[in-house]
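One chain, subunit A, appears in both complexes that follow, with subunit B as partner in the first and subunit C in the second.
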Partner chain A sequence: MAGLELRNIRKSFGSTDVLKGLSLEIADGEFLSLVGESGCGKSTLLRIISGLEAPDSGEVLIAGEVVNTASPKDRNISMVFQDYALYPHMSVAQNIAMPLIMARLPLHARLPLVNLVSPRARSIKPVIASEVEAVARQLRIEHLLNRRPAELSGGQRQRVALGRALVRHPKLFLMDEPLSNLDAKLRVEVRKEITELHQSTGYTFVYVTHDQTEAMTMSHRVALLQKGELLQLATPSTLYADPNSVSVARFIGSPEINILPVSVGAEDLRVGTVVHPGLAFNLSSCVQIGLRPEAARLVGSQDVSTDFKLAYNRHLSEDLGHEVLLHGTLAGVQDTPFRLRVSQAIGQRAVLDTQEELFVGFDCSDLLYFDAQGERLRDARFSMAMREAAQ
Partner chain B sequence: MSDIALSQPQPGFLGFLVSLKPRSLADAIGTCLLFLGAWLVLFPFVWMLSASLKPANEVYDSEFSFWPETFMGGVNYYGVLFEQPYLTFLANSFIVCIGILIVQLITAVPVAYALAKLKFKGKSILFGFVVASLTIPINVTSIPIYLGLVEFGLLDTYFSLMFPFFVSVFAIFLFRQFFRDYPDSIIDAARVDGFSEIEIILRLILPAAVPALAAFSVFSVVAHWNDLYWPLIVVQSQNKMTAALSMLQYQSDFDNDYGRTFASATVVTLPMVIIFLFARRLFIRSITMTGVKG
Partner chain C sequence: MNGDSLVRPEWSRVRLAYFLSAPASFLILLIYVLPILAVFMISFTDYSLVYDGFSFVGLDNYKQMFTDRHFLTALQNTLIYAAIFIPGAFVLPLVLAIAIQRRRRFRSILEVLYFMPVTSTLTAMTLVWRALLDSNQGAINNLLVGLGFGKVNWLGDGDVVLISIAMVSVWGVIGFNMVLFLAGLTAIPKNLYEAASIDGADHPLDRFFQVTWPLLAPTALFVSVNTLVTAFKLFDTVAVLTRGGPDRASEVYLYLAYLEGFENFNMAYACALSLVFLTVLFLVAWLQTRLGDRRRTHA
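For the complex of A and B:
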């Protein structure tokens, strides 16, 4: 059964169409990331799933039920916000207990003073307190329960926000860029914790981020959004190795993929100064190719083992220790930057250090072919090779 | 040496005098202007105190002296405190001020929340009306309200004293400005957690808005404690008189007992002066918070 299903969701604010008929399905227990640049509609989509915003048309189904008209609290979801959104004047314990108090106590028993005498409130409160404690222990914040949010560090606040979301055992766990306010080191740490949390709880997670690294490392599948449309929904490795369009290829991967203009003849392919002949090439509409910075390699001046070999004009090199990142251009395509990752491991570094003139070599099977609209062209032979490479 | 004395405040009156020592010519001129301003503000009070100690004929004397020739202070103050139901007047003022304040808060807080945080059609127009209403003086609405109260036979009641002030546009404006700064994500989190809108106001917004509530409360209580205009219109009997109105009892077309009137004014002002001394900071904040004086 699908944990969450979206059918043809549309939403516009004034004259701007934020979401243009978006459909997707998330399996129960899946971790799905919604990725895209700011303004692509990913946060709006999350707000529609949560019920904080209503779609103009389309249906939202949680666990098989249409919940379009249900208010956020009736959807049994939890949400973690970018700025944590903790209740500032309540203690950590009260913050975590709040969803349970709201769900289990009737309105009159929640009123101040009444909650001191209401038998129901008095019988439920110890239960809630013990559940809060269990969640706090799970997140290792039990020593902070009596503090106020203002007295906590960013990472601690993040844990409290997670605790408040966890405590009600939601059907759906929504996260809106929860790591963007943390520093780099803490981000990696919390990223790991969230992944572990997902594995230990088995809840369905929908995770919004603009950071492709978070999306790639944490999710089962990634939905890439652009201008209110779903570009591609696939596993991280498929998105990386087998993107549907130039936009996807550009967004996923760091450093960015190289996109080069090419010209295609009847049976040949020209990249820069080099023409590769003898191709039974049926991709006549191809005008650009994509090449990952690590898919190409440095070759010796006498080396002729690759389909293409082009002189490389290096502008800048960044030494990261385990690899060197080169910025430059290829002979014949001076206008387009070409990035190259030279890895320590495969002995490429020796070539870089010793050779004065650099040559870059790659094969037809390393390339991704795109038409003028940026759509991917799949040649049967090459896409087979790609798929094998991905696995 | 003098620099040290200036930079380190000394205790007591001596320290106060040292702090007055001008540091430059501009400083000296500024201090003089401030003294002048303070004198302009304080002199009426000094005059009020002085007059409250005098017999009526001496109040009119062309020569002003603070201390009266014939001391009538005892008689004037005794008359004010014991020959009229002074405590009733105080109680009336208290009931009216607190009643107005409570209803103002009950009406203004939800309206301000809706205008600050909810999305609905016509919101900006509605807020435009609120701002526009700030410009309407009470004198414009008082005649229709008075006629309405007459129609329902409600003159000379607490209700009639409070009714025109139940909805404070100033409060709506002030609270709306204050609520607007409350983070939206916390409100969203509360909605996901199951808060109703009313509970969001009660549990989240109000605890954060205590400074604004306190500032407005001080402002409102002072304004209605000192109000003379409306009580003068609707009060007909002595047992509904507010403290401010009670001052006018000693005036008639034939004889004005100014000594006693000013003794009354002193006694009526006193509670507000005491409140002001305790809540000075709140009072200042209520005026500076929006830059609008109600």
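For the complex of A and C:
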């Protein structure tokens, strides 16, 4: 059964269409990231899932039930906010206990003063306290239970927010850029912890981020959004290797993919100064190609083993130790930057250090083909593979 | 020109500082400190506006308060008035602020409407209220009769008059307190309400008691102390509406001090009354800062 299903969700604010008919399905226990640049609608989508915002049309299903009209509390979801939204006047323990108190105590027993004398409140409070303690132990914040949020560091507040979300055992765990307020080192640490948390709890996670690294490292599948539309929903490796469009290819991967203009003849493909003949498939609509910075390699001036070999004009090199990142242009395509990752491991570094003049080589099978609209021309590559297999 | 001459000698800078702060210090001395000292001195004499000369009488003026029937009546009236005024002047603006804050349309119009009494001259407005509250031709009584109720002797009935005055005062202060509450409400982060609604606190009472009220506490403290001081400072409404009547039923503390000083010419006794009043206000202000400080260190 699907943990969460969205059917044709639309939402506009005024004249701005934020979500333009978005559908997706998340399996029970899956970790799905919603990724996209700011303004792509990912946060709005999360708020619609949570019930904080209502869609203009479309259906939200949690565990197979349409919850469009249900209030956030009736959806049995948890949400971690970007700035944590901890209650500043409550201790850590009270913050974490809040969802349980709301769920288990009747309204009158929650009111101030009454809650001190209500027998119901008095009998339930120890139970809640022990559950809060268990969650705090799990997150290693049990020594902070009596503190106020203002007395905590960013990472500790983050954990309190996680605790408040965990304590109620939600059907759906929503996170809105929870790591963006942490420093780089802590971010890597908490990233790992959230992944572990997902594995140990088995809850369905929906995670919103603009950071592709977070999305790629943590999730089972990534939904890439742009301007209110779902560009592609796939596993991180599929998104990287087999993107549907130039936009996806550009967004995923760092350093960014190289996109080069090409011209296609009847049976040949021209990249920069080089024409590769003998293409036995129809590429007539192809106007640009994508090439990952690590898919191309440096070749010797006499090397003819690759389909394409172009002179490389290096502008800048960044030595990262394990690899060198080159910025430059290819002969014949001076307007388009071309990034190249030269790996230490496969002896490419030696070429870089010894040769004055650099040549970049790549094969047709390394290329991703796109049409003028940026749509991927898949059968081109498929045909290519077929042709190679046939030879 | 060397670098040393750019730095003024220490004594010269000190002198400049005193010179610059002298006018303000002089005015504070003249307008606040000296009169308070004068009042303090006079309160130990039998000075009166109508006789030249005076002699020291020690604590007699203060002792007189405990035996003065009018003093006890005034104190009682002030407390009754405060008990009616303070809740009204606190709760009504709070409710209005919460109601107005959620509105998008008409919000600024409503804010202006409620704030208008604050900007107008209270004495002039009180005259209007006197006409409205008139027991025979007043619009309010006409309305009551029209609705089938009996007339109320708003300003002439000793049991009602303090309520009437409190009503007028509340009307005058609603806008001010509401703006204070609105400022406090605006400072509450919106995502706390969202977190609360996800945590299950989406009932209006829960929203109020779990989020709004605790986060509004500093504002609420300020408003309540401010309102308390305003309650005890009641004077002009009484002076215009009732002159302390009927039969001293609306004679409040400051009005009594005024009567003693400027009608009965017991200036020394009036000074003693004022000093007691000042001391009480000082204590309240001190308590407020103490509470405010404690809150800040706890946050």
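One rule holds for everything that comes next: the second predicted complex is superposed on the first by the 379 of 391 C-alpha atoms of A that agree within 3 Å, B and C clash if a C-alpha of one lies under 4 Å from a C-alpha of the other, contacts with A are read in each partner's own complex, and residues count from 1 in each chain.
Here is the rule we go by: contacts are C-beta pairs under 8 Å (C-beta built on N, C-alpha and C of every residue); 3 or more make two chains touch, one makes a residue touch a chain.
These numbers come from a predicted model, not from an experiment.
K.L.:
Check subunit A with both subunit B and subunit C modelled on it and let me know: fit or clash.
P.N.:
Here subunit B and subunit C cannot both sit on subunit A without a clash.
K.L.:
In the overlaid three-chain picture, which partner chain does A:P72 touch, first (subunit B) or second (subunit C), both, or neither?
P.N.:
both
K.L.:
Pick one for A:L116: touches subunit B only (first), subunit C only (second), both, or neither.
P.N.:
Once the two structures are laid over each other on A, A:L116 reaches no partner at all.
K.L.:
So, does A:V127 touch the first partner subunit B, the second partner subunit C, both, or neither?
P.N.:
neither
K.L.:
Answer with first, second, both or neither: which of subunit B and subunit C does A:V275 touch in the superposed model?
P.N.:
After superposing on A, A:V275 lies clear of both subunit B and subunit C.
K.L.:
Once the structures are superposed on A, label A:A150 by its partner contacts, choosing first (subunit B), second (subunit C), both or neither.
P.N.:
Once the two structures are laid over each other on A, A:A150 reaches subunit C alone.
K.L.:
Does subunit B (first) or subunit C (second) touch A:Y87, or do both, or does neither?
P.N.:
both
K.L.:
For subunit A, which residues lie in the overlap of the subunit B contacts and the subunit C contacts?
P.N.:
50-52, 71-73, 77-79, 81, 83, 85-89, 98-99, 102-103, 107, 110, 164
K.L.:
Applying the document's contact rule, which stretches of subunit B touch subunit A when the two form their complex?
P.N.:
Those in contact with subunit A are residues 183, 185-186, 188-196, 199, 203-204, 207-208.
K.L.:
In their complex, what parts of subunit A are in touch with subunit B?
P.N.:
Within the complex, subunit A contacts subunit B at residues 47, 50-52, 71-73, 77-79, 81-83, 85-89, 98-99, 102-103, 107, 110, 164.
K.L.:
Would you tell me which residues of subunit C are touching subunit A in their complex?
P.N.:
So the residues of subunit C in touch with subunit A come to 189, 191-192, 194-203, 205-206, 209-211, 213-215, 217, 298-299.
K.L.:
Mind listing the subunit A positions that touch subunit C in their complex?
P.N.:
50-52, 71-73, 77-79, 81, 83, 85-90, 98-99, 102-103, 107, 110-112, 148, 150, 164
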